[in-house]
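Presented sequentially are two complexes of chain A, the first with chain B as partner and the second with chain C.
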Partner chain A sequence: MNDSIHKEPSMLRQKELIGGHYRKLARAKEAGLKSAYTFVPGNLTELLLAFDVLPVLPEINALQSAMRGKSAEYIAKAEKLGQSEDVCTYVKCDYGMMKSGNVGPTGERLPDPDLLLLSYTGCFTFLKWFELLREEYKAPTVMLHVPYQGDGAATREMRDYVVKQLRRVVIPALEKVTGKRYDEDRLRHILALSAQAEEDFVAVFRAARNRPSPIDAYFGGVYYIGPIFTAFRGTQAAVDYYRMLRAEVDARVAAGAGPLTPDGPMPREKYRLVVEGPPNWTSFHEFWRMFHEEGAVVVASTYTKVGGVYEDGFRHDPARPLESLAEYCLGCYTNHNLPARADRIARYVQDYEADGFLIHSVKSCDSFSAGQLVILRDVEQKTGRAGAFIESDLVDPRYFAASNVKNRLESYLQMIDQQRRGATACAR
Partner chain B sequence: MRTVIGIDLGSTTTKAVVLGEDGRMLGRGITNTRSNYDVACAIARSEALIATRFALLREALARRAPDAARDDALLQSIARTFRLEQHLGQIAVLRTELAAVASGATWHTYGEALHACAAGLLDRIEAEAPAAFAGGAGLGSEFFRDLVGARWRVLAEPAGKAADIGFDWLMSCFDKAIVRVENRALDLSFERFAGPAIERFVRENPALAPGNATALRASATEAAAAAIDEWNQVGTGYGRSKLPFRREQIRSEILCHGLGAHRFFPGTRTVLDIGGQDTKAIQVDDQGIVTSFQMNDRCAAGCGRYLGYIADEMNVAVQELGPMASRATRSVKINSTCTVFAGAELRDRLALGQKREDVVAGLHRAIVLRAMSLLARSGGVKDEFTFTGGVARNQAAVAALRQLVSENYGARQLNISVDSIYTGAYGAALFALRDARAAAATPDPVAA
Partner chain C sequence: MSQPAAAALAQLVERAEALAYDVEYSAVRAWKERHPGALAIGFVPVWAPRELIAACGALPVGVVGGGDKVEIIKGDACYQSYVCHLPRSVVELGLNGRLDCLDGMLFPSICDVIRNLSGVWKLLFPNKLSHYLDLPQDFDPEIGGDFFRAELAQLVELLVARGARRPTPASWRQAITEHNENRHLVEELHALRREQPWRVPTSEAYVVARAGCVLPATEHSALLRDYLALVRAVPRAPLDNARVVVAGAFCEQPPLDLLKTLERAGCYIVGDDFLLAPRFVRADVPLEGDPLAAIANTWLAHAQPHASVWTRAGTKGDDLVALARKAGAEGVLFAAPSFCDPALLDQPMQEAACGRAGLPHMHFKYSENSGQFQGIREQAGTFADAIKLWSGA
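Entry: the complex of A and B
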């Protein structure tokens, strides 16, 4: 982000939070703190915090490395060590980082894990990824199997199954690693803080229904989800951050202002888009610039739901601590089946009055990309809006062909223009 | 007269189309210069304006000598003579550049001998030119570099042997000089060459009625002097951002191909464009408005350049691939989707004794299979189906496409315009006209 651009207090706070977490991780061993490696989808941050365990999120390390220009060397390292070209690039980036001394994105060494907590929520690569980590660290490994919403809904039996695993597998493992007893009252307190932050979080993203949208719910959105999907849900710091962010967004709504971008405030909103799929991280700002130069604002995105879906009313519930943790894991976006994903995107297009939707498909992500063209057609049929399809990658810079991506995006936006003109002509 | 221009800056060629204010196509031009986009744009535009002035010449001739104006053979012959004059003009520039290259320090090994040999080669090529441009002769290419380069390659080896100069030296000398020629936007205009062309034509056709000769001279003068007002212009293609146009004068090639194909064939609902480095599958509505599209991502395998690479591998001109494949008795299966690997597969198949024709037919099918995947992703092949871009000129590719579309989607009307390579530029010109009319608040004939 351009340093000369005005930054709102929440941006600086977010940066402090994330940076502080990495610093804390770097000093974890000397401070006597335990760490658990786990994933964003289906993360059990509150439970870890209840045991004073610090979460380390490998996919966040990968994307942070990519944004800092380090992913290419890590991927090269992983390939040198036998990972094929087609393997998920999050895996290769993380594996390469691990094999290069496990120096985190901020330049400080990450602690070896005391526990590998594999939350399985729809991505089968997670299993293989943790096999690599287990082989490397020989750390105790537990798996939380979150049943896939194959029929489009989470059932009571599914929830009970997850709760049973929490009681019988995850909590005992945490007790063993930390030497602490499970304290449900402490967990309830943490969950209450989660719920507070979640209220403001939902309000921030819902603000994109305004015209102009005060936020970019994809490129800007990834900054907003940072604290809640990583190490801070259930902390007072997250409560304060989201309150601050919500106030800033409310102020922008009141002022009729658009989103802030790395190149300054967005001057005008010409297109409102919904985006499915994760961003490209190696050319993140370049990708974003392609949108805002054209006046395209993302008003809703599915990527900002991979760590949990709150907009349908779910909140962590101190009164039902383990049940609500289970429901949270079951509900995250990666655990939704294809029709449910298409329904959600179509709903976004309608609720946020979007001009269209774009799928950013990741070639090296088989589990998430499979079926995206089916989703595209389905959403087109449901909304009557044409969709766009762009392919690149998560963190491998070789797979982001800027001129091609720009060409597709421009073509798509011009297509929307042409359809608008056509509709106007027909209306006359 | 008031005109609009559409320019399509492609990765292999640059095309321009000139429309009259009534939407009629007046001229089109193309260049394969590998120079910068500014030069390519200037050349394509100049070529399109030459064709426009030829249209004016015909109109002027119709007033003076109606029978002559209706004589297509006569006018084609004049156009060929004009091309010959242009060609000779380019040879003159090439001669200067060759002399400059041959005088360079690097070439002192051969000194004057190289100089003389290069000049002699060009003398021969120049002497052959009138016959090459004569009626009935197949030029093989419309581009100066291709025409001169092909003859240079053939003539350089014996000439070099005779002068005791290595073939590589002569080729290197030529390559350096031709690049210098291509990097300049030469004056090849109608205004400059129409007069000499008419005089040569009259001289070489003594049977031409004196009245017609007079009418031709006067009409050429009138056409050359006519004011052509460029009302608006729109650019498209990969290099469009390099054009010195305002932002609103730039359009995506998706939209341009969609609209261009719609105007060539109003029943079009699906468009396939196989260009140099990308393949586009486009769905349009009954107004030519794009409703969906897909393009190749991350890899350009299966695009036009693939054929260029294969032609190089086989040491034939790219235009020869289609006819060669058409002579196949069977199609050899080529699995690789990578251009370079396909080249390796090609050599492997040939080494195994497969016929060149059959292997090339398999390569054409491989290209079309890639395009079929994009078509499927864009929403399938609807009726009518229009094929655009340079590869649409390749009959073997067309035959493979026809067969695969029929197998996968059933009977479809397949449209290919003789001007298919200009579809993007045509669409751009139509947008230019639409925008100009909108700005002038007059009725829009394109949308009508």
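Entry: the complex of A and C
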């Protein structure tokens, strides 16, 4: 964000939180703290915290590298070391970063993992990624297989399978690495804090149903998901952050104000959009600016559900600690099948009174991207609204063609204008 | 040369090729006419419980893409340019009605593209069975085994709900026996190719194996038996070719002309990962006990190391090196389809393993509908020459 722009307290608080986490990681070895590399979807942050283990999230490192302008160099390094140009750029960015000294976003070195905790949820590439990291780090590795909701629902058998793995594989591995016994009461306490934060988190995103929307649920949303999707779910710090954020959003609703953008408050809301797919990180602010300069606000997005879908009522439940963690893992957005994803997008369009929806398809991510053109047509049929389709990548700047993206977005917004004029003419 | 045997062999290979590349699935349609009311269930690579499908009185049908036999129009409208070719040709076959003879499709867990294809199928063909088969990544019989057994039990119920017969002890026994036998014959084919590759050109073995995608196990076994008898009877002279293993072509299949190109370039392909369905599990399914648990536990204990399965122990690529050693291979050709995540993400680790083992290797990419192979021929020819000239020097 532009430093000259007014920052709300929650923004400053989040910056402190995340900066503090990276500083703690940089000193983990000397402080005797253990770290586990794991992934955002289906992360077991509460369980890690119950063992005082610090999470490191390689895909967050990759996107941070992209936002710092480092990803091109890291990807080039990975490709030079034999990685194909065809595969996920998160993997290559992370691999290149590791091979370049594993320096994190604060400029300090990240610790080598004491444990590679592969929470295999919603993305096949995760499996390959951790096979690669295991070869490099020679660290103990544990796999938690979370079944895919292929037929549109998480079954009892799926949940039991995950719980068994937690009990018999993951927890013993954590006990071995940390030398600590599993303390279920401690986990329950942490899960209770998660549930508190999740209430406020849901309220923040639901506020986008207001007109104007007080938030941008995609570009702004990726900041809002930061603490809860990463190292802070289950902490008092996350509870405080989301309470603070919710109060700020409520104040904007009361004031009839729109979202804050990197260039200041958004003056007017002209278009309300739903977005499917992850953002581009190498030109994140430029991408956002294309929207807010046109008065387009994203009122709901699917990307902000990759680390957990809470809007349907799921909350971590201290009364059922492991079952609750299993249900959380099973419920992440990319673990939903395509019809369920299309239904959710169509529901967003209706519930958030959106003018249209846009799919941002990224080359790197088959989990999101494969089948999105079929989703597009299905949502169009369900909502009666035409959708837009834009392509780029997560962290490879070679695939972000700004003028192309801008042209497509502007054309789409013009089409919405034309439809509005047509609707007005018909009403007369 | 035994003229009648050579002619019979040529005829058999011609028939196998016609079956293997028949995008109208005529053999499946004919089977359904002979078995009124019975289901035909398609599955995409790499593995499906064929015994289970057969025990339900249904025909398991391997759907491995349209190769270069199908012009892709509708399929391209469903997939971006950076997605591999297989799903677009499978969708094309579906939307053009060529897969109408199938009552359902199974999508085993192999990658996100195939996973999402299961959802695409649900959206495009809402009246057909479309099921994602999540193979376990935990290999403890009490954890992954219980889950997998439940998955298989669910599959039985899905098939029965579509009109398949509920398996009986007799139908289980028959289906498991027939598929065990088929597995043995497929392995015999590959063993003969390893031992005497001049007798079994890969371009022949491949179409004979691929014909099994559209035949019941017993008919395919008969074809294999005939082929094995004929190639043993027909004299073929050994050539001074380099013995290679081809790795990475397990899902989207290489064009037949690509295989011929590699052979013409001076390579004997003595190991590969094409068409893995009948050989993915390297052991018989036992006839005793609960058949669902038997399939699940055989898979857990004997599924071959593969890009789609978590490498639980050892180092990635060890299995490939072992396969190459067993086959007496002098080199490895990494042949991955463009945009194939499992193959391409494995490749650097496997190349490193080959490097450590002193196994020469090279890589190239292809699509199932690739038509130009001159570059690959030159690359493979140089590779084969280098092996023959310099290996063991």
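As a working rule, the second predicted complex is superposed on the first by the 428 of 428 C-alpha atoms of A that agree within 3 Å, B and C clash if a C-alpha of one lies under 4 Å from a C-alpha of the other, contacts with A are read in each partner's own complex, and residues count from 1 in each chain.
Rule of thumb we're sticking to: contacts are C-beta pairs under 8 Å (C-beta built on N, C-alpha and C of every residue); 3 or more make two chains touch, one makes a residue touch a chain.
Everything numeric in this text was worked out from a predicted model, so none of it was measured.
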Touch check for A:168: first (chain B), second (chain C), both, or neither?
second
Name the contact category of A:148: first (chain B only), second (chain C only), both, or neither.
second
Figure out whether A:337 sits in contact with chain B (first) or chain C (second), or with both, or with neither.
second
Identify the partner contact of A:363: answer first if only chain B is touched, second if only chain C is, both if each is, neither if none is.
both
Touched partner set for A:132, first chain B, second chain C, both or neither:
second
Hey, is it chain B or chain C that touches more of chain A?
C
Report for A:373: first if it touches chain B alone, second if chain C alone, otherwise both or neither.
both
Once the structures are superposed on A, label A:391 by its partner contacts, choosing first (chain B), second (chain C), both or neither.
both
With the two structures laid over each other on chain A, which partner does A:81 touch: chain B (first), chain C (second), both, or neither?
second
Quick check on the superposed pair: does A:418 touch chain B, chain C, both, or neither? Answer first, second, both or neither.
first
Counting contacts the way the document defines them, which residues of chain A are shared by the two interfaces, the one with chain B and the one with chain C?
363, 373, 391
Residue ranges of chain A touching chain B (in the complex, touch as defined)
363, 373, 377, 380, 386-387, 389-392, 399, 401, 403-404, 407-408, 410-412, 414-415, 418-419, 422, 425
Chain C touches which residues of chain A in the complex?
81-84, 86-88, 91, 118, 120, 123-125, 127-129, 131-132, 135, 143, 145, 147-148, 150-151, 157-158, 160-161, 164-165, 168-169, 337-339, 341-342, 361, 363, 365-367, 369-375, 378, 391
Of all residues in chain B, those that touch chain A in their complex:
238, 251-255, 278, 285, 287, 289-295, 297-298, 377, 379, 447
Please output the residues of chain C touching chain A within their complex, sorted ascending.
77-80, 82-83, 87, 107, 109-113, 115-120, 122-124, 131-134, 136-138, 140, 142-144, 146-147, 150-151, 154, 307-308, 310-312, 315-316, 336, 338-342, 344-349, 351-352, 365
